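Across the two complexes that follow, subunit A remains constant while its partner is subunit B and subsequently subunit C.
On to the complex of A and B.
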């Protein structure tokens, strides 16, 4: 098969680009060595973490090396609207960030959030109750004590004793009405009239919207989820919500094989070499989208000699620091944070002189140089915006 | 344990993505999940020590390895741990028996009417349940009464310079010789000379039941039969996805068999749909398909996905006029070869398959396509919908089932 586009990587950037192209009628194949980081992250679409201020305003003030600087704010906004039109139940936009509580009681700014998390918005304060379910790494009293220090916020924790289960098992049990009934009965006896109720993010998987609405009805108040440690149930829902329409639109998804190299000629990528069970094969296409992520997902590699490699096309890597590569201040920005693939205005990876390395290769998501998603709170926002924009440009170029 | 498999352990970052996809831990607390019994428990397994009995509830479907973003060979680690467990404890007689399909086939074929009667008889099945540990409801295939090998010996294949070796496996030989005949017909229709050497089991069921020494013996014998062709450059085509995967990868990564012969056979082996789609990509596949006005849901078996070739059946079936194929996205049918036959595992197996059964049933289709024989039997058992190998649809669309069209080949 010769495809129109091969997308490499199954994270949010790869899924966004692939879905956008498949919806335009392109023959798309998405190939990834494993499932992407959707399953590890809270599934909020963080555009830029500037407290409750406008991410749109902050976007226009970024340095020119930042991937967002390749995009007019209107394009970022369009990508968010595109996303919200496809994945049901997301709220928010670029005008203002939600402020959501984390599992340790910190405050996390986020532009676009699942409706099941929106009720936890701390802007304007209020009274909150956090419910523990015996889940490891979710301690409602600890969470509440930290939040309680905020002005206008009062918070407390309630621990309900369920059998010790993991978040996956809990999510499946929440899909059964009898568990919800028991929990609602226990809580209704303890809740004050104006308290909002936060649960760890285990409120269902396939029928999550129904589970969340049902709990709001039973408790007669806003109910919300707080992101937990992996596996992320909201992330699993997001993966399903993106990959299912991709397949329905005729896109092919292959999870498992690793893309190890590329075949190129005359400044074009002709194919990518994919390792299969017994041999390797070449997937040919008119264009290619690199969305393999950064160091954590193997899109970039750092060896013991300090060399940094982009693992599929061996592209030049921008932003590589001189020594030291690591700083002892763990939570500060690290010298390696902004390392990645530099791209031109059309999201094509560039050589050191700024010219596109291959005319039909595009890149999106965490593999791009210039961003520090963990520090600046931009992970999923960058993936949606650059995946959307790069796919739009690619589509126009053909 | 092979270095490749063992070393991959250190890449585990405990992200639990494998756990979120495991179809078995979702339905039973007896299996705590691939990460738990794999990369985690492996660190506590010393020589000859197998503390973790729950690994026996891993079906070996391999989905964990496929979805792992760090390249950890989770299913392979678990298969080897399961073999170690049974080596320590001794393999039950039942598992020794059901893991030898060619022995059962040789016993059952001459007395097929009687054997088939017994397999459908409730009293016999209850007895086998009680004494033999084979669940009385489990889907047992019917013996065809004649082997595919017998047909093959009488069959004169097309004379052609384009040659292919056909590895048909035990399911085709004893239970579904008709599928083998269709594979041969489709290949011959495309101008191939099909060679069908005598062959026995690949050892896969013994591998999944933890008897590695016996599995290796079968495997080496089969490799010996196929290697001369592979060395001469013949492609090998297999219609059983799990047996094909044994030749391609599991022999090396799980059974730790090595050697030039295996390497040659691995490199030559193709799944039938992979092979046919390869022909099409080179413009060499005949596309004289008749209209087939059907709606057919398609399920890619776990072991098919282990080939890492995508789903070539979808592209092939798309060539057939008026055939509407629905790609099913349920992960697993639950049977996992012999897993779902076992008394203690049958209900787990059916619970795993539930989503697939529902999707097949709700499609309203009369026929469902699936590449693996045991999965087809399980789907029929769970839905009462007739399950066929995708090749059967190609065969019908080529008109090879109607005598008038055969002359065109």
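On to the complex of A and C.
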């Protein structure tokens, strides 16, 4: 069969684009070699991590090479509203960032956050207790001590030793009321009246909303999650929250195969060859959406001789630095950070002369050149905004 | 100012200094060792891990070859727990003259290095990844040796014999009285406090820095720091030490050690042993040479690059550091310069560290006018009493009986929380890099991606660090890991580094931590 669109990549950009198209009645297939960045990242929708002004205002001041600069701020805002209407329980917007504690006790700005994290908002200060559960990926005393230095914030850590389970096992156990009861009993004896309670982000998987509300009721106070090392439970919930409606809208999701080649003719992509278990199939479609991510996800590769490759369509790569590619200081912005696929106004990857390489190929998310997602705190925001915008344009073009 | 009295003061905490402090303590001397950083932080912790058979020097440097094979055999008896008995192969690749094999055989026989020519088919069966175009192959008793284990084994043994180890103590000056060296003024690098150490004899075992120390006594010791870079590949591409059968040159050896294989090395004369930059050209050269040994080398994942400074002793100026003998150099400053109370031991290599220590202490004994025999060639290091070599699977095997009971903090190196806490209490340090040298924390494929946050959280609690000190521990270890990763970032290791960025910058936001 011929699909309307093949989306390559199951991160937030691919999921957003696929869901948006499927909702419009398009025949969509999303194919990815594995689950994407969702399972690694904290699931907050960071648009731009600016401390003192609104993300909306900062968006309008980005240089023209930045992928956000392809989009009017209203479109970014619309993508966020679209997202919030589909994934239950997200709060916030582009007017002002939340300031959430990280697992080391740094303060991180995020525009739109899961409701289970919103209670950790440090704006306005307050008293916070962070609860360790014996989890090797969460150190409440250390994180609390860093936060305690902030004006108007007092923070302390408590360690409740459960057992040495991984975060996934713990999350499953939280879905049973008896564990929550034990924890509530132990905590209620130790909490001051106006303290908010932070847990590592392991409060359930499938029934997380229920787990969180139940803990708030049992503890009679705001309860919140703090994202910690992968696997990311909030990210897994986000993946489910996006892929389920995608399937319901008729989209197919195939996780496992690798896209190894493209079939093209007359400036169009006709199909992509996917390989799994030594069998290859060609997926044909009228249009294609590349959302394979950057170097972290394997969408881009750098070889030992310094050549950078986009791995599916062998697209030209923009922003490749002259030497050096990396600087000796870790926390500096690295010359390679903004490398990616350059696109035209319609999010179609371009040749060096600025013309679209294929008239029916689009790209979104971390594959795009011009952004430094970790440094600027733009990762998921960029994925939602460009996934949404590119799908909108693709839809219009068909 | 605080002061202490000792008989022997050893300067330098590399393998040589650790060997000397053990040797001295075992001869019954009251002994103190000072090291400006951590033990094995210098050249000893930055080599490829080769326990030489001597084969490498059999043609060019027969004296060094003889020393190597003698010491190789002694260490197999006394430091077995630090050694993996990989064996070694010398192979003639298509780029090497097969006739050199005869010269090599002759050299080995003349220096006592056990050698045997085997068929190419046998060599390829043993090491299937080797270049299929090799024309000759020879076996020698090379092995790999864990330098940190070795140095800490010596240190523990020395402590058992009453020696005191002062790490992070830098020598500020050597004390002189009546034309003799009578001790040193040292500064605690962590607290800034100074300490005067009175000693009957000072042994300068500062390796590539030995010239700087000797100068404090007005003596000239011409040590040429020779920079060697190495790259650890994230796999055991080979399980035998592989050498090119030719005159020693750059990038001609591949050493399997622990979970990696290390290609080395270069030899460039540098002015300052503390300033060892790794250039792109050097990395390229290593990868190109790697291809000649193991085709597809460039496609394998490189884990980390580092550089060490060889201490090459040259009686006078030379142009090429490869021309300088790898054999060690002992300078008795009483004899040579009329400065009593000072002995310098430098040059050499980790393989011959014990012999160097013996030579230094023999000279020291002579200066002190006493005759006490060396016992280090017989008595095994703590942990090596059973005379069993370690194997690649040792850590897994030790863990297997209790798979569920202990949490693993560093998955790459199988470090449990219990072992980590023990090491932290024992080392009593805010510096995670010290813990790395003790346990190999953060040395695996993810280069600390998962364990650095955990280790910081645990260190914060075990050492009762305040938040700023804990932040500093985290950030400085991150930077230390980056230092070795950024010169070889490509392929899968770049992908890994990006995941680590995701964790540290995206998830944890460490760039926003107060410092």
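Please note the rule applied: the second predicted complex is superposed on the first by the 396 of 398 C-alpha atoms of A that agree within 3 Å, B and C clash if a C-alpha of one lies under 4 Å from a C-alpha of the other, contacts with A are read in each partner's own complex, and residues count from 1 in each chain.
In the analysis below, a residue touches a chain if its C-beta (ideal position, glycine included) is under 8 Å from a C-beta of that chain, and two chains touch if they have at least 3 such contacts.
Computed from a prediction, not measured in an experiment: that's the story for all the values here.
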Q) Sharing subunit A, do subunit B and subunit C clash or fit in the superposition? A) fit
**Q.** Contacts of A:104 with subunit B and subunit C, given as first, second, both or neither
**A.** second
Q | Which superposed partner A:151 touches (first subunit B, second subunit C, both, neither) | A | neither
(Q) For A:40, using the defined touch cut-off, is the partner it touches subunit B, subunit C, both, or neither? Pick first, second, both or neither. (A) both
(Q) Per the contact definition in the header, classify A:352: touching subunit B only (first), subunit C only (second), both, or neither. (A) neither
Q) Can A:1 be said to touch subunit B (first), subunit C (second), both, or neither? A) first
Q. Does the superposition put A:85 against subunit B (first), subunit C (second), both, or neither?
A. neither
Q: Report for A:141: first if it touches subunit B alone, second if subunit C alone, otherwise both or neither.
A: second
Q) Who wins on subunit A residues touched, subunit B or subunit C? A) C
Q) With the two structures laid over each other on chain A, which partner does A:168 touch: subunit B (first), subunit C (second), both, or neither? A) first
Q: Quick one: classify A:298 as touching subunit B (first), subunit C (second), both or neither.
A: both
Q: Note down the smallest distance between any C-alpha of subunit B and any C-alpha of subunit C in the overlay, whole angstrom.
A: 5
Q) For subunit A, which residues belong to both interfaces, subunit B and subunit C? A) 37, 40, 230, 298
Q: Enumerate the contact residues on subunit A facing subunit C in the complex.
A: 37, 40-42, 102-108, 136-139, 141-142, 145-146, 148-149, 164, 227-230, 294-296, 298, 301-306, 323-331, 373-375, 377, 379
Q | Contacting residues of subunit C [partner subunit A, same complex] | A | 280, 287, 298-299, 302, 406-407, 409, 417, 450, 453-454, 456-458, 460-461, 466-467, 470-471, 474-475, 478-479, 482-483, 486-487, 489-491, 494-495, 498-499, 501-503, 505-514
Q.
For the complex, give me every residue of subunit B touching subunit A.
A. 15-17, 19-21, 26, 65-71, 245, 247-249, 266-267, 269, 277, 281, 305-311, 314-315, 327, 329
Q. Residues of subunit A touching subunit B in their complex?
A. 1-2, 29, 32-37, 39-40, 166, 168, 172, 230-231, 236, 244, 247, 252, 254-258, 274-279, 281, 297-298
